[in-house]
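Chain IDs A, B, C and D follow the sequence of writing; residue 1 opens each chain.
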Amino acid sequence: MTHRWFDYLVRVQPHHTDYGGVVWHGTYVQWLEAARVECLRELGVAFEDLVNLGYDLPVIDLSVRYHQPLTLGMAAVVKARLAPVRGVRLSWHYQIESLQHQRCASAEVTLVPIDMTRRRIVRRMPDDLRQVIQKIEAYFAPTEAPLQ
Amino acid sequence: MTHRWFDYLVRVQPHHTDYGGVVWHGTYVQWLEAARVECLRELGVAFEDLVNLGYDLPVIDLSVRYHQPLTLGMAAVVKARLAPVRGVRLSWHYQIESLQHQRCASAEVTLVPIDMTRRRIVRRMPDDLRQVIQKIEAYFAPTEAPLQ
Amino acid sequence: MTHRWFDYLVRVQPHHTDYGGVVWHGTYVQWLEAARVECLRELGVAFEDLVNLGYDLPVIDLSVRYHQPLTLGMAAVVKARLAPVRGVRLSWHYQIESLQHQRCASAEVTLVPIDMTRRRIVRRMPDDLRQVIQKIEAYFAPTEAPLQ
Amino acid sequence: MTHRWFDYLVRVQPHHTDYGGVVWHGTYVQWLEAARVECLRELGVAFEDLVNLGYDLPVIDLSVRYHQPLTLGMAAVVKARLAPVRGVRLSWHYQIESLQHQRCASAEVTLVPIDMTRRRIVRRMPDDLRQVIQKIEAYFAPTEAPLQ
């Protein structure tokens, strides 16, 4: 059984680094966000459209483990996939790898839909949002055959 | 003739620095913003109240000159003052100094009030905003006598 | 048994917020860092001195749970404490609360000392670092009597 | 006479925005940096190689004018070019445009080479750096014929 991943390429710019010459640990949070937003866009879902529909998807849980530092000028791949959705929680899993396939960081980010007019977590997934999410889930559904 | 300044203290944290071991040049923009917001608060004007009144104060012009770098752990004073207001443009002047009074950076930031419902620059300063600004101008009005 | 916390005050500035009008979830990582650096400074340990001794303390694990959003202009307290140290792992626990004692976020950050000349995790805590850490541990040691 | 520009594409992510729903004004400073670093890379000059040679290129002057805001999800082009070099000052000019060619911001950033071992501005451009810069200048030299 093989997982499909969405690959998002990043390049370490000076503003990503700190005094240690490596990427500052909080910078990864920006990359995790950009990777999932661009994954949605690739699947035809513009995040700004969700916001305009009156939903927001705030992060309620974030965890990152740091394995190897990235230094100025290095390129890396942020690999992202949505885990099977239970209830209203959307859980994204991440692997961040150097171009030489060295594991640099791994992460998990959980988001929940919020009704912005009432600023409350939705109890049940609204139909329009459910359709969007099923599309994303289908994309990441594990397959028997190896993917390229 | 002496200018009054509002002093805002900052401390260089790891996330402010870059690979060179000094404060990344874009970090100063955060400090300039915090200094003017805290100056307003000191004078009784909460920026969030302006936003809730339906105004925003976007920056339309920013310039920073960098004289001496600040390094990890250093403290510095962001000295801010509002220049005399002409029309609807609010122009803030800044000096950033180390605690040893060494000049590290100087800056100028210009903002204009926007009516958020129409997302347009106001042509004339609205009365409620004018009162707020006159209060701030009065605070920074140059005086004959030296200040402490 | 009561825990001692180090309190670090933050104020939500415009650059901390996102399109949702609340603090962007990655901003908290800056606050967690500033809180532990300022805690060390309060106890007489300047982080830049550790760096100058040839050590770095990279984060190897970060987790944040978000309970209630903070909005523009709000003040909050980042409460930080070092958990009892095992081996070379330094684990900081955090509670972020509004001034009305509402729980906004909780977090845990783990760091390990690195020998910067060899860029490797130290196997055993070096003596100079151990002394620093024991001082911090002593500060946070649980006491029988309630603290004020 | 037509100027050649280096085009660097950006997409507005949630972490780029502020409470106003538009890109926070300091975010542009990251984009200006990324655009010039990627322009150098395109011309065969990796910025990290300059750093490893013992040089740094700190920003000594930054100015940005903001014309039209960018909102969540919008794409924009950061157009960058190096102005003809005089002495040791490298001056980059920028236009930031929406994909509909609306001018969103314009900027100018000046950098000077620093000898990192002595942390001083170089008096004369070192030979290895001069060769790099002449290559970049040649790329941006104005031409008689219109470019595509």
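The working rule: a contact is a pair of C-beta atoms (placed from the backbone, for glycine too) under 8 Å apart; a residue touches a chain by one contact, two chains touch by 3 or more.
None of these values were measured; they are calculated from a predicted model.
Asker: Which chains lie in contact with each of chain A and chain B?
Answerer: Chains that touch both chain A and chain B, as defined above, are C, D.
Asker: By mean C-alpha position, what chain is farthest away from chain A?
Answerer: Centroid comparison gives B as the farthest chain from chain A.
Asker: For chain B and chain D, let me know how many angstrom lie between their CA-based centres, rounded off.
Answerer: The mean C-alpha positions of chain B and chain D differ by 25 Å.
Asker: Could you grab the centroid distance between chain C and chain D? Build each centroid from C-alpha atoms only and quote it in angstrom.
Answerer: About 36 Å, centre to centre.
Asker: So the centre of each chain is just the mean of its C-alpha atoms; given that, what is the distance between chain A and chain D in Å?
Answerer: Here the centre of chain D sits 29 Å away from the centre of chain A.
Asker: For chain C, which residues are shared contacts with two or more other chains?
Answerer: 14-15, 19-20, 22, 26, 29-30, 33, 51, 71-72
Asker: For the complex, which residues does chain C have touching chain A?
Answerer: 19-20, 22, 25-26, 29-30, 33, 51, 56, 58-66, 69, 116
Asker: Sort out for me which residues of chain A touch chain B in the complex.
Answerer: 14-15, 17-22, 24, 26, 71-72
Asker: Enumerate the contact residues on chain A facing chain D in the complex.
Answerer: Per the stated touch rule, the residues are 11, 13-15, 29-30, 33-34, 37-38, 46-49, 51, 71-73.
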